[in-house]
Amino acid sequence: MSTDAPVHVTRTRSGKPATFLEAIAEALWEEMERDERVFLMGEDIGAYGGAFKVTRGFIERFGASRVIDTPISEGGFTGAAAGAAHMGLRPVVEMQFMDFISPAYDVLTNYVATSLYRGAGPLPLVVRGPVGGGNRGGPFHSQNVEMAFFHTPGLKIVYPSTPADAKGLLKSAIRDDDPVIFEEHKGLYRAPHCRELLPQQDHVVPIGRARTALEGEDLTIVTYGLMVHRSLEAAAELARDRIRVEVIDLRTLLPLDEETIVASVRKTGKLLIVHEDTRTGGIAGEIAMRVNERAFEWLDGPILRVTAIDSPVPFSGELEDFFLPSVADVVTAGRYLSRY
Amino acid sequence: MSTDAPVHVTRTRSGKPATFLEAIAEALWEEMERDERVFLMGEDIGAYGGAFKVTRGFIERFGASRVIDTPISEGGFTGAAAGAAHMGLRPVVEMQFMDFISPAYDVLTNYVATSLYRGAGPLPLVVRGPVGGGNRGGPFHSQNVEMAFFHTPGLKIVYPSTPADAKGLLKSAIRDDDPVIFEEHKGLYRAPHCRELLPQQDHVVPIGRARTALEGEDLTIVTYGLMVHRSLEAAAELARDRIRVEVIDLRTLLPLDEETIVASVRKTGKLLIVHEDTRTGGIAGEIAMRVNERAFEWLDGPILRVTAIDSPVPFSGELEDFFLPSVADVVTAGRYLSRY
Amino acid sequence: MSRDEIEDLLYQGYQGRRLEEGVRRSGFLQWPEHAVGIDTRSIVISRTMKHAVDGRGDLCCPGPMSPGPALAFGATPLEFLRQLAHRGTSPAAARAGGLSWTDLRRGLIGWDGPPGMMTQVLAGAALAFAQRGENRAALVFESEKALDTGGWHEGLNFAAARRVPIIVVLVASGSAGVGRVRQIEEVARAYGIKAVTIDQDSHAGIFATLRGARRRAALGGGPTLVALEGATDDRWQSHEEFASWALTEGHVTEGELESIRRAAAAGVDHAFARIVKEPGPEPHDALAAVRIGSPPLRPWTRLKSPRPDGVAEAPMEGPSVN
Amino acid sequence: MSRDEIEDLLYQGYQGRRLEEGVRRSGFLQWPEHAVGIDTRSIVISRTMKHAVDGRGDLCCPGPMSPGPALAFGATPLEFLRQLAHRGTSPAAARAGGLSWTDLRRGLIGWDGPPGMMTQVLAGAALAFAQRGENRAALVFESEKALDTGGWHEGLNFAAARRVPIIVVLVASGSAGVGRVRQIEEVARAYGIKAVTIDQDSHAGIFATLRGARRRAALGGGPTLVALEGATDDRWQSHEEFASWALTEGHVTEGELESIRRAAAAGVDHAFARIVKEPGPEPHDALAAVRIGSPPLRPWTRLKSPRPDGVAEAPMEGPSVN
């Protein structure tokens, strides 16, 4: 690593705990140093360092041809990234807010996702950016975007919940030959309680494998992203009622780690799915189908879910807090299910 | 009705059975005659009459200001339709193939679906067009688009399976104050077996209510669109094994008629969901969640699904037939579930 | 410009200025980041349109220029502050944010999302005007960066192809940006429509130019593309300039000017005093009406047992909604 | 143009012609509806690029002009017919259709979907060339209607902003269409790039113009926008014209011309004879590799009981996959 690296990519090297955001920055920096084919594209990611300053200092180190400021045209520059990927580069596209992936929906689902299928070869491309609510960003700066893409064969979707996973999974995503949508929850970016020491060596976490964040016997909670932390809080509260909760952090949403989910449900017999995203058409449905297909006989109660309500993300704090799933909601549902 | 109406919108008036496509054309024609605020937009829908000739003869009757040929810019003209709707018109937008709704994903999910929410009032707008496989159209002319929008609060999604429902639901959609995505399966458009006599009077079918296409006691099949017909075929075959299948035709996917589904599952105890759309992230998931939430105790077997496989729609006939769910698949699953 | 129009302009300019000062001082309110603030020229431009309160006037999307155009179209300082403070009384019941909202009776259409989109939407509104043969036109302010978006091009292409009555104002952007087309006149030529660049023009000149563009639009002459330069750098100066022009030209006296200023300020101050006391939104009311087809929020809170044997469950704790 | 280049052009022109005649006669094959057929000028344009078989030459998307440009970039008649007939041996194993497919070794990138998108993709490919300092350029054919799409504008804007080595050919459309910008030179001016219109130009003239555009692009001079007029009306004539020009100018003799024609026809005929015997795709092989993260296809076909008590089920009938 060059000695003039910005401080937010040197935490691990200097043995300090890193925030989620720093972990992302470290992954990008290390991958760019490791592989000259890796380059970045996005709005104001160069001199400005990006809306969340993830890429501060990158243009000084890697130059303007590998840290590319783009016009406001998410569809166009995602298409361009695809072309560069065809030619052997490994683009990492930043959406300033992941909400702005919508104009790229066409090119991502019809072009990028179908490349391998159409015989145009693998298309290594990462689209990453901040997602999620709780920041009073309103309907256009708070969305979770997984369900816009979850139904598209050919894409992978990653949504980490810890700095170590964020770093290790982003490295995997960049090295993966398939296109990967990579969601980073804004509420985790700088959260102090999330800081952690990251492994010193090249830290890679495989895509497609869930993590058991907490082991338990009575009830399985399947969740991801910020909701992993909410669910662990709820589990601690439920533990006081002697309800032993197992918390599965999906980490990768597509492909879904069916094995881990099924194994846990076969053990506990109860399944609660917690997602921050809105309810109808959320990922809970697919999980419910998979569990029906492979663990129905083990179920001792209905599969339930705690989610945001079916609404755009509200602007005002009062409304947003009402809209988002809370720890109390998870506790209530957990108690209900455990008594079932 | 004017006397010079094209023949494909006069079947009902002259007491003849109408095809699915004719039913659509009749609904459009009658609504345009009934309400001068209704107008059409789409690619080559004017003099050319549209790719499937649904609007043949319309421009002669209603003029170029109510039958508007648009540039190839699905996002732009859907946005324009929204503006016209704000000003009191009732636009019906044709996607030449529904696959081309992708460029309008941004405006539909972020602008149109949120209008009421943002305090900008109701937005009466219908986006309709042909969907579905089996026509060797390949990946860009065969898609089912429901799951791109099912997760968006603020939209309605209608997907009829018979000419009478197509006519009655399209009329409802045009009169509805909410934006409606209206899917028409190409495989039904001119299918002779689908022809039926339509009610003479103003025929309106309410949005949001499923239809019991076949009553049975042993197993519920929930399905929609072309798959209603495949499921009825399968039910006939299962009846020979004395398996009495109930077939629910959803008709409206959003809002989902939870009551009808739940009531049927409480009666039969077995649920098979059949959809032509690809598997992972398909609508089966949401149905499974709702049934878990409200009818878990009545389930005598796992909720299962028969769907297309997770792939873009293949071009070649051999591959497409393999890709699509078949009657045999439904029979196999039905038999398995009934013996469970 | 008539005397009334000049007075309105002065009044709305002072209103806007007081609003922005008050927000800055308030300590608890903030302009949305992307707002370029008040450029009095945006009020002048907006004043050239036809205003009404019954939904039959022109239509305006203030975009990044709000609050100027919104004030010109009759939005009140109270509404602004309710919107900014996310009060339950705000135009969108605190669900949506930003400095503009929709009030079709007064011809206001709000937007807080991606650039480019409102050119599409207003093109469609203008289509409706043309279709019904109404003497109405649409006005949309967009950041110059909208030019980078394909959506904007699709909207403008649609407007140009159908020659609908619309005026699209592209506001020059202060920030760096990249790949931006600055040749707005050449863009207009490519689409076969009129273009105007406004830079150091006098307010009276701007007024005359835009009035002309509106008239032409409403008569079927098609869209006009307006490049508004220097909007971020001299956004205050322009109002002072206008006021002193009105003075010099003898349209108002010093005394009249001062009393207009005071009246505007008083209205704004009153609004500030008021919103502090107003309640936030009530979630059930604010969100209930806008969900389509959503099932009850928390199904495990149902009070009746789902079991066929009818064993009753204890009522669940926690909020039960719906 | 060198003698070799002229011969190649004649050969590929005859190939394309024979292909189209054969498809029409075949009774079981069809050109995709949107294909405009062979315009020899598309072969001429494509021949001005750098061809290779190791993935280090220029890159071309034939778009609606295929098979011309594809033949120029080394696609074989056999591949075309396999693709058209959905043979298992076809380039995309019969999964995707259309008249072009991707073969990056030969610099071919296929597309059968919406217009406009490939301008974005090729702009990104050209970005890669520039970034690595390679002497390579990208060539994309689009229907003129791509101009209506926002995606095309975003792609061109990106290409223009970064001055990447790309040539974008807009093929005039025979059909009516609406709202189309015909002023391609003005569009180019708005984006600050070069434009060329090709209409009744001689093949030699086209060759010289495009060679120049390619050279400029590869040297960092940025994109060129090419308007190709009259592509649908005189699509056959142009090849005959070229052949007779080659004759008149003495580049070939009558005998040579005839033997080129015969050689091309023989190759194509051989391909027709061959594909009839080739098998269709095998679903498991064709589709297995391209699904990401899909679970087994038919879970109820599993042979082991899902019951905890381990009661075995009879194996299910029906195909069991995965």
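As written, the chain order gives the labels A, B, C and D, with residue 1 at the start of each chain.
Here is the rule we use: contacts are C-beta pairs under 8 Å (C-beta built on N, C-alpha and C of every residue); 3 or more make two chains touch, one makes a residue touch a chain.
The structure presented is a predicted model; accordingly, all values stated were derived computationally and were not measured.
Touching chain B and chain D at once are the following chains: A, C. Here the spacing of chain A and chain C, counted between their Cα centres, is 35 Å. Between chain C and chain D the centroid-to-centroid distance comes to 46 Å (mean Cα coordinates, whole Å). Residue positions of chain D touching 2 or more other chains, listed in rising order: 95-96, 112-114, 148-151, 153-154, 157-158, 161-162, 178-180, 290-295, 299-300, 306.
Multi-chain contact residues of chain B (touching two or more other chains) are listed as 70-71, 73, 75-76, 103, 106, 110, 114, 117-118, 139-140, 153-154, 254, 256, 280, 293, 296-297, 302, 304, 310-312.
The touch graph of the protein chains shown is complete. Across the interface of their complex, chain B is touched by residues 86, 94-98, 112-116, 145-146, 148-151, 176-180, 280-281, 283, 286-287, 290-295, 297-301, 306, 316-318 of chain D. Here chain B touches chain C in the complex through residues 39, 65-66, 68, 70-71, 73, 75-89, 91, 106-107, 110-111, 114, 116-121, 153-156, 178, 208, 254-256, 258, 290, 293-298, going by the rule given at the top. Contact residues on chain C toward chain D in their complex (touch as defined above): 148-154, 157-158, 160-162, 178-181, 183, 186-187, 189-192. Chain B meets chain D in the complex at residues 44, 47-48, 69-73, 75-76, 100, 103, 138-140, 279-280, 302, 304, 306, 309-312, 314-319, 322-323, 328-329, 331-333, 335-337. Within the complex formed with chain B, the chain C residues making contact are 59, 91-93, 95-96, 101-102, 104, 109-110, 113-114, 117, 120-131, 138, 150-151, 153-155, 157-158, 161-162, 289-295, 299-300, 306-308.
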